[in-house]
């Protein structure tokens, strides 16, 4: 990887400032949701501990691995475009999209399972948080995949290069944010008790 | 004024200010009825005064939005308005409908008005802010469609700037969400649920796009800062507005029969609603600091900055005060709501409209850029009088609301509504006094259009 | 080197973000519509008193009651909350009817007073039944106490 | 990290990836083996925060940024991390 800027002179994050404002706003919402979960649990410890066991931890593990892997693929895609390797950039992005799709399938399967048991947002306070948090995140995965598709198409059309790849970096940053949120969500909702 | 057809904005602005006066006068009547319960009873009962107060506000804000659009769209699109004749015709239709409706409110009893206008065919009346007879509502839709057509064709024909597109989007949203005013099921919960799609998605959604576009336009014109910079910040701010504001609708769904998860969704998202307002304040001051020239129209600049600050205080801070569901449990439907409503409407929508009027009116009256110094001084006095009066109205109502929530809803021995009202009447008296000062400010504002008109126009040097 | 900050990206975020959160709002609305039958007392609307309740709501609207009162906390703040008035009046529709019918036409000197609407007995029943229906909506325990 | 990855002969991001995977497996095992209790919860939380920091620093690339933009993800992890930790601590009191 060719370092075209030395570390010391970079004082802004990769990608467009606008996407970072958006990322920070989203992260804030999730942070409030996480804290709300933890403090609400404080008042209903037994209920939370009981219903946490009804969740499918294996599915959540697969999803965690899927998101980490896809995040890693996106890192590789950014590296590729930085050395002008458009083809490889597109391939890495497609691989990341496959991982995203895996996440969506597994999570949908979980939702179908909950739905068949008649569980919804109003079932109890634990499911309210579980469904709200995961569904809100689920929508972010879809949004992130739409963005990845868009940049993959642009990359395939040769819109990005070693000099100009802000778009790829912006989309990558958003996707890492989606991953980042899940990395906290997974232990908090599925494991910690 | 660069295009002849911009002149159609003038009657809209004048009518808007006239309705503003009516709004404030009826506000004072209501304020007095709060402490002298039988004032004007039964000639003008409170509910009638309130209808005139709120409906006049809505109509004059809409009129001013339309005036603002007719003024700024041609200038932005760099072409004449598609049809100035249609704009003028629609002005008279709108004014006629508004005047007839107000006369109906004042001369007929509301139930007679409902009967005369055949409310039973499609009952839409008698819901807060949507009290207009169904026929008036249909009139509003027709006027709005004609207006959108006119503005849309103009934009289509000319330059498509971000300001124009955002404005058009906001106005379209305004028209679309108004359609929910026609949905009034027997089920009260459904009625209320979709009633908010008009009210909330207007004032905390699409109207903010209009606000942002007008503010951006005035800042582009008065500061000479690069349009690119202003436009991209406009996008970021309105993006944040809708990101927080749409799901923020949930803060109205705590206690009206809707599921309890709205307490979480509504609290979390509406807690973030002050952020775009804060960004707007920072943005406005930044742009003004970076100005490339000193525009001679100082009041316009003052109103613009005032909008940014007061919208943040009224909508942002006072909204946040009672938006979290555990707080709202005690403050819902109390004077706290009234306090927030007053400062938010004044700070965001009244002030943005006065901003564009302040900027455009000297030009519409044939000046090069600004009013004479004397007129400007009067106008700036009116700014401070009205704004400070509104701050005090808000503070007194907040005091009343806190006491009300405490006496009526908390503590060991909650007291009945009317007993509590007696106990907090001091705050209502103080509010009424602040209201009188607001009226004085409004009189000074109107006087500023007439004083010193023969003096030479103000220039940057003065 | 400056931070890239483009209008195109800001625009995309505006449109994308708006669409995203509007869809989220629609999804929550969809769920709410599924939950309302358990909360909004629609059984009463379908029941024997249904027509009376519907008529009561129309009378409520056509006399602009919301111009002074609040109903489930929404409306004007000039007169008492009526979402729970049925309970406040001892679960009695008759008490509500008697109160409305007894308002003096010329008001009460120096005090706020409800106007005299000259309702027929049938209309009074309709309004009272409407208020009873409202009081049986599940409002998550709001208002905090009987005073509204 | 760079030196270590050079030593093993893989890219730094691949090394981070492997770390993230192993931390996730560890977290999963804690749940799978039915461990609970304050110590375990805080350990899992700490692992999650470290994972988040790795993603922020290496994947998002904030580790190489000077000035304020180096910190948003760190702060984002720190504040909710403290709050969650506090809430779990209190739930064991």
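First chain written, first letter: the chains are A, B, C and D, and each begins at residue 1.
Basically, a residue touches a chain if its C-beta (ideal position, glycine included) is under 8 Å from a C-beta of that chain, and two chains touch if they have at least 3 such contacts.
If you're wondering where the values come from, they're calculated on a predicted model, not measured in any experiment.
Across the two candidate interfaces, A-D and B-C, the one carrying more C-beta contacts is B-C. Averaging C-alpha coordinates per chain places the centre of chain A 15 Å away from that of chain D.
Chain B and chain C have Cα centroids separated by 24 Å.
Note: centroid distance chain A to chain B, computed from Cα atoms, is 39 Å.
Looking at chain B, residues 232, 235-236, 239, 243, 259-261, 265 sit in touch with two or more other chains.
For chain C, residues touching at least two other chains, in rising order: 5-6, 10, 13, 17, 20, 24, 31, 35. If you draw each protein chain as a dot and join the dots that touch, the picture is not a line, a loop, a star, or fully joined; it has some other shape. Those residues of chain C whose C-beta lies close enough to touch chain B in the complex are 5-7, 10-11, 13-14, 17-18, 20-22, 24-25, 28-29, 31-32, 35-36, 39-42, 45, 53-54, 57-58, 60-68, 70-81, 105-113, 115, 117, 133-134, 137-140, 142-148.
Taken in their complex, chain D has these residues touching chain A: 11, 13-14, 16-17, 20-21, 24-25, 27-28, 30-32, 36, 41, 44-45, 47-49, 51-52, 55-56, 58-62, 64-67, 69, 72-73, 76-77, 79-80, 83-84, 86-88, 90-91. The touching residues of chain A, counted against chain D in their complex, run 7-14, 20, 24, 27-28, 31, 34-35, 37-39, 41-42, 45, 49, 57, 60-61, 64-65, 68-69, 71-72, 74-76, 79, 172-173, 176-177, 179-180, 183-184, 186-188, 190-193. Residues 18, 21-22, 25, 28-29, 32-33, 36, 121-122, 128-129, 132 of chain A touch chain B in their complex.
For chain A in complex with chain C, the touching residues are 5, 9-10, 12, 15-19, 21-22, 120-122, 135-136, 139, 143, 146-147, 166-167, 170.
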